[in-house]
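Just so it is clear, A, B, C, D and E label the chains in written order, and each chain counts residues from 1 on its own.
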Amino acid sequence: MQEFIWLLPTYPLLGFLALVLTSGRLPKNIVAIIGAGSVGLSFLTAAIIAAQFLASGEDYFVKEVWTWMAVGDFTPGFNFYLDGLSLVMMLVITGVGFLIHMYATGYMADDPSYSRFFSYMNLFVAAMLMLVLGDNLVLLYLGWEGVGLCSYLLIGFWYTNPDNGYAARKAFVVTRVGDTAMALGLFLLFAELGTLNIQDMLHAAELEWEVGNGLAVAAALLLLGGAVGKSAQLPLQTWLPDAMAGPTPISALIHAATMVTAGVYLIARTHILFELAPSVQMLVAWIGLITLLLAGFIALTQSDIKRILAFSTMSQIGYMFLALGVGAWSAGIFHLMTHAFFKALLFLASGSVILSLHHEQDIFKMGALRKKLPVSFFSFLIGSLALTAFPFTSGYFSKDEILIAAHGLEGPGMIFFFGGVLGAFLTGIYTFRLFFIVFFGESKAAHPPEKEYGGWNMNGPLILLMILSLVGGFFAIPLDAVFGQHEEHHVSTLMHGFMIAVPLIGIGISAAFFYFKIWSVEKLMASSLAQTLHKFWHSGWGFDWLYDRVFVFPFLWLARINKADLVDGFYALIVEISRAANSMIVKTQTGYIRWYALSIAAGVVVLITVGVML
Amino acid sequence: MNITLADLIPLLPLLITTGTVVVAMTAIGIKRNYTLTAVITIAGLLIATLSAAFLMPTTNSQVTPLMILDQYSLFFIIVTCATAMFIAIFSYPYLADLDDNKEEYFLLLGIATIGAIVMVSSNHFVSTILGLETLSMSLYGMVAYPVHSEKSAKFPLEASVKYLVLSAAASGILLFGIALVYAQTGTLQFASVVNVANVTEGLSAGFTIAALILVFIGIAFKLSLAPFHMWTPDVYEGSPLPATTYLATIGKAAMFVVLLRFIEASEALTFESFVLVVSLVATASILAGNLLALLQDNLKRILAYSSIAHMGYLLIALVASYFVQGSISVEAVTFYLVAYVIMSAGAFGVASVVSSSEREFDSIDDYKGLFWRSPWLAVVFTGMLLSLAGIPLTVGFIGKFYIFFAGVEAALWVLLAVLIIGSGIGLYYYLRIVYRMLLTDDEEQRFDVAVGNNLSSHAVLAFLLVLLVVLGVYPTPVVSIIETISTYIL
Amino acid sequence: MILVWLISILFVGGVIAWLSERINPNFPRLIALITVLLDLALMLTLLGAEPSSGGWVASVEADWIPRFGISFYLAADGLSVLLLLLTGFLGVIAVGSAWDEIKERSGFFYFNLLWTLAGVLGVFAALDLFLFFFFWEVMLIPMYFIIAIWGHENKNYAAMKFFIFTQVTGMLMLVSILALAYFHYVQNGVISFNYHDLLTVQTSGSLEMWIMLGFFIAFTTKLPSVPFHAWLPDAHSQAPTAGSVILAGVLLKTGAYGLIRFAVPLFPEASMSFAPIAMTLAAISILYCAKVAFAQTDIKRLIAYTSVSHMGFVTLGVYAWNEQALQGAVMTMLAHGLSAAALFMLAGGLQHRIHTRSMPDMGGFWAKVPRMAVVALFFSVAALGMPGLGNFIGEFLALLGAFQANITLTVVSAFGLILASVYSLWVIQKIFHGEYKNSEFDDSHLTDLTRREMVYFGAMMIGLVWMGMYPQSFLAMSQPVLLELLNGTEELFAAVVQN
Amino acid sequence: MIALFYIAAIIAVIATVAVILQTNIVHGLLYLILSLLAVAVIFYVLGAPFAAVLEAIVYAGAIMVLFLFVIMMLNLGQHTRDQERKWLTPRGWIAPSIMSAILLGQLVNVMRQIDYDIVPAQVGVMEVSALLFGPYVLAVELASILLLAGLVAAYHLAKTK
Amino acid sequence: MESIPVEHGLILAAILFSIGLIGVLTRRNIVFVLMSLEIMLNAGGLAFIVAAARWGHAEGQIMFLMILTLAAAEVAVGLGLIIQMFRRYKTVDINVLSEMKG
């Protein structure tokens, strides 16, 4: 069965083709069957393959399908590589993906572009699977760009609103900046190591480069560029919040569970390279830390339900980066998985809320939904708990591992540790701020919901995801063969207690503000400092403002002033000169015989002067 | 070196042409009949062409000191007589409605051809002058031919006076120059001016150069090279179209053959400053010609200006002849002249066919939409214009290729640069005309194109078009002929 | 001999198409279609041909103008065959795209179309430099007519500009060709324009550089590259759709082909020392034109500028002169041939439907013309270099190769990938996304793609996917040719890189 | 003889200058004839009596008479003199004179180094005729054609319709 | 026998030539222009005679004869044109012949 690993991306790809070629002429239920079914098939296949693979006890498995191109030494192929890492990824993608597809069959039921939606989704799954299963970086890049494209398409799914289009393009272009860096990294790796097959490349890198080698640093940096772009980390994080313009299942699938974690996957996949470049690895950790904190602060100030979740995603990926940066590869991937569960859950639940409220996304226009939307409520509850690493939820285990690993690191380890804890604290606050505001208090909705939106196809996935969010922490993922045995870190019980307590304190503070209303936000906001901070954080630390001024406006300005193309002007000048010369020289044709004779005489004089005198 | 009977055989084309004129004149004397005169002239020219073609492979003799009848001369006699015949054919319908005596026109055309024949076979100043003046004298008459016609919209009188006055002044310069050359070399034969054994003592190179320059200027005027070009557009415009055609084709070609022979025989190009002068004239001609034509709206003037440029191109090949071993540049000049005659005759021919002495269509706007009104004429015209621009599939391209080849071999980079710039400008105005023909607003039917009433003219156009394309695609036969005959020049 | 057939069928077909208009105005397009299909079928037989020792699958040689050692020498190897096929394929597409658009004087139109194609085929197959130049110029005139007669509002200007640019630079090339032939004459005592003979000519120093520049300028004008690109936006925006298809799809490729086949192999040393400048120009082309493209509001102008930008990768690849880079250049040529042609067809289709090319007047067409939107999306995405489609292979390989030659310029050029996404998505946004506004134009004819159009676009899409997913079938054809060209000169280039 | 040459030369120059300065056309013509005659004298001095005779007869005689005929035909009377005065503005002379002066200077410059003295030897009618009807007989015939061309052209142009 | 420096003869010719040229350039009366042209041609003839004398040739005289012929023909045609011009424009002002330009 392992031989058939190529079926994994093929099913959704076929689904995509079927949906595109019929171009909306199929009835919705058939579309749903094709759309969700293809991913389901993939998941089934993936599950069987996973079982076989684990049973076989092999470290890895390669399936070569065909040689993509063979140009000199450059011979990437359509080859699939399966090991623990890709196994986890593939299961998450197909599993969570299938659930979200399921959910979407209900969520999108009223949308006229139903078929289009599922075709994109299927394409996305196919591309994402290529990304994680490809055995070489070019194939990975194919998936990488493919998911980017689908992300673009789905963010801009409701295209009539230009803002959505803007968000979509922003997402694509910003990530493309990272992608380009990554492509350059590929070029560098090929130029230096002569192959882009990941395993061969890593092997060669180990042989050729010592730790700290400049080329290794450069290559790692460039790959990191790609990773931060895709995973919305500093400094390319600005696109993610805007990406929430897409339908909510998209946010769940692409902008929470799978695609945005591709950067994490990439770094984990090429971890040997990063180990050869410790400075870059350290940078990964710093990026993770800073991003998680920044995002946490921003999330505190947001009012859009999906944006809050988006910043939270950013923040959680920061944790993963932090894990990678401190060398806790498995922990990073583990958190990736659990995060996929609970963040998908949160997003899907928020989708139910939004639909039930007739597309209302402002949390301050919700409230008191606990009774009306029970499934959503429980989903949110479990999701939020997992997100804030409430003990024994899935998030708890993964975050725990990360923070312990950070704690164990020499040098800045403690900074990472406390930073991570602070992040968890913020997580507690903003997550439950959202939770309390939406589900408790008074209803401020313009159109209060009559009943919860969604049938079994929406609630089923939610329930499954709730379970996964709760128990996901107990999954043992087979990563040791990939990353080697990681050393066990330990922290003192005190520290451990501290780690557990801080998020709870955060929840408590949140409860104090928003549930018990002991403290008042209004009072807090009275000070100008708070207002400034709020404004600053609300705008995402002004990154958009800055980038607009540094990159976008100058580009637009250049485009505006040189629309007519400077170079063309040069040729126009030549034409003008010719015309001027013409109008001058035509004046010599006066029509007067004597003038003509004079010119002859002048010609004689000049030519004799030239001929005789010179 | 008295003339013998055997000498008359090589002179056959000349004699036949002369005979034609005499017969035509006699016929006029007996009874004026326009058609008959035309037929006599055309037939005579045809026979002359054929006789020259017949003689060409075998003939190579100096007939008296005045004329050299080698293959080169005969080749150009063929070109000349054939072109004259074509022009005669164009002239017949053109003049048919002239309200004046029409017969003398063909006499003048015949006499002009005699002059041209003498020129292309001249290697002696006396025959040069006589041939040149015979040609010019007839052309004065041809240019001014419709002078009595009230209906003639053009300015034949003005054109003729301009041509006569300026041409006479140029002749004066030419004669003065020849006299100076003669004073130095002691012979009126074309002969080397370098290292003449009995050079007059104390005579500086400056004298020789000045003399050469004067001769060159005299010829340059006839070739309408800048800065002696100013008469060209006015005379072209004012003349009746067939006369313009004659002036532009035979007038130029014959004169250039003389220049070629003179330059080669005199070895004038050994003087660096003379090379400089010729190069300057070439540059000035190319630039002035093309720039003048740039925004011109009168077809005849455009072609006049473009002929200035084309003569400049030819000069490049001429200059190259000094730097290059072998006959390539002479071949280049020869081929280009042939090409130029074909395409000019064709271009003017199209205009002739649609025009008559009463109404000439010489504004490029007259040709608006010709492509859709008369595709046939438009194709011919486009072919000719593209050939003038030097586009492949036409003879003009091969001609330009020759010139480039000669220029590259001679390493005349500056002149080649000028050539490229000039050609680039040239494209603009040729395409302007072509574009007019492509326009689709045919609301204004400017002229009727009735093919039927002058079938022979159309046949000539067809012949020229075939020549244009065949020589453009497979020039090898003509190239080998020219390769052979060019050896006679050196 | 088959090469002669290929070319002459088009010439003759053109004449017949023209004449047939008198019988029935629908005949020309039919005859044109039959002609190009016949040609395409004949080309396919080349695929099966057994290559000779030099890798030539077909060749024919005959004396033409012996005076100058000029022969009628046509030959095709893998590279030529690829481009011949591209030409044939796009020929069919072009006829198809003109099918309904050209109603007026269709006979002459198809005559010109077929003659242009014939000239292009000649360019790709000629191995005598004179013959090459001959065909190089032959394709211009019919193209001029196509633009000047069936073009849009500013056609005269555009056609003239196109013609003068290519013609003037063509003359520079002529001078260079002649100089080369002359050196051959000096060194060997015979004049020859034969490619193989001229390859042996030893030139050096500044003279070689000048001669090389003649070729370079001619080719980069056709390609085009900054600063010789100014003709292209006008020509493209004014040409009728079929004209744009041929221009963008095929004509531009002649320049690239010239660079690969002639400019570098004939002057390895000069090219080598010139490579940094050429690559710089390429990088400037990529970035500058991407930026200018973004600023355009006329959709065809925009696409035209993107063409320049994309062709920059070709220049970059050629002057990196290693296997990856060259294959990249070749793949870019092929893939861009399809994608640009398709985009122009889309733009043409839109213009045909709503009589404007102004993007600010458009918007929200997705709902109205979903098939067209999907097709447009596909080709925009292809143009921005989406992996899995042909353009990616080309650009990726070109950059990969270029990286080994010049890191700085590759890095700079890679920014083109970002800008490509900016303008490509902008187009989609402006036309298909956003609010539908129909006040700006008469939308009564805004209908979705017809079945016939879908066939053409489908064929091109399949082509691009094929190129993107299994480029090996193309790479394998050009590989022996490129290796042969690289043989001996690659080290030369590599040495420069080291220094 | 030498003196004759120089005297005739001076007369020729003065007479020629007078021609172009004249406002009365008939006076101008007479000066021209004077100039031509002076040149004829020079011819004679230089040993070309045949040329001298022809100069006097054909040039000064026949051709100038032709001019006279035309002048009479056109009936250019007193008013044309006034017109001439009006046309001949001093400014009009400047450019041509300078131009011609430069040209003359250049020609003189290249000529003055010649260090050769002519010892005039008579080349009389005999020699010229022998040549003319020997090797140059073709020239005579061609000259007749030239005159024929002039004749036909002049006939056609000058006639009234 | 006394001798005449050849340059004197040539310079005389050059002077006459220049005067003729001035006349052509200056005079507006077309008859004067024609006369000036005759002066130029005549100067050419003189130069030939001088050159012939320098060589003791008859050829120069033959050339002079030819010049004479051509001058005669030219005058004939030229005067014919003048007559036509006077008929049409009632003036001998050469400047009226400037309808074509540009």
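Rule of thumb we're sticking to: a residue touches a chain if its C-beta (ideal position, glycine included) is under 8 Å from a C-beta of that chain, and two chains touch if they have at least 3 such contacts.
Keep in mind that this is a model prediction, so the values were computed, not measured.
Listing every chain that touches chain A and chain E alike gives B, D.
The chains touching chain C as well as chain E are A, B.
Greatest centre-to-centre distance from chain D is found for A, with centres as Cα means. The chain with its Cα centroid farthest from the Cα centroid of chain B is A. For the criterion of most C-beta pairs in contact, the winning chain pair is D-E. A simple rule picks the central chain: find each chain's mean C-alpha point, then take the one closest to the mean of all protein C-alpha atoms, which gives C.
With centres defined as mean CA coordinates, chain D is found 100 Å away from chain A. Distance between chain centres (mean CA atoms), chain A to chain C: 37 Å. The mean-CA centres of chain B and chain C are about 42 angstrom from one another, to the nearest whole unit. Per-chain CA centroids place chain A at a distance of 77 Å from chain B. For chain B, residues that reach two or more other chains under the stated contact definition are 126, 130, 133, 137, 140-141, 144, 147-148, 160-162, 165, 169, 173, 200, 206, 209-210, 233-234, 296.
In chain D, the positions touching at least two other chains are 95-96, 99-100, 103, 106-107, 109-111, 113-116, 136, 139, 143, 146, 149-150, 153-157.
Shared contact sites, meaning residues of chain C that touch two or more other chains, are absent. Interchain contacts (touch definition given at top) occur between A-B, A-C, A-D, A-E, B-C, B-D, B-E, D-E.
Note for the complex: chain A touches chain B at residues 578-579, 581-583, 585-586, 588-589, 591, 593, 595-597, 599-600, 602-604, 606-608, 610-612, 614. Residues of chain A that touch chain D in their complex: 598, 601-602, 604-605, 608-609, 612. In the complex of the two chains, the chain D residues touching chain B come out as 106-107, 109-111, 113-116, 134-139, 142-143, 145-146, 148-150, 152-157, 159, 161.
Chain contact summary for the complex, chain A toward chain E: residues 586, 589-594, 597-598, 601. Residues of chain A that touch chain C in their complex: 20, 23-24, 66-72, 74, 78, 138, 141-142, 144-146, 149, 152-153, 156, 159-162, 164-166, 168-169, 172-173, 176-177, 179-180, 183-184, 186-188, 190-191, 555, 558-560, 562-563, 565, 567-568, 570-571.
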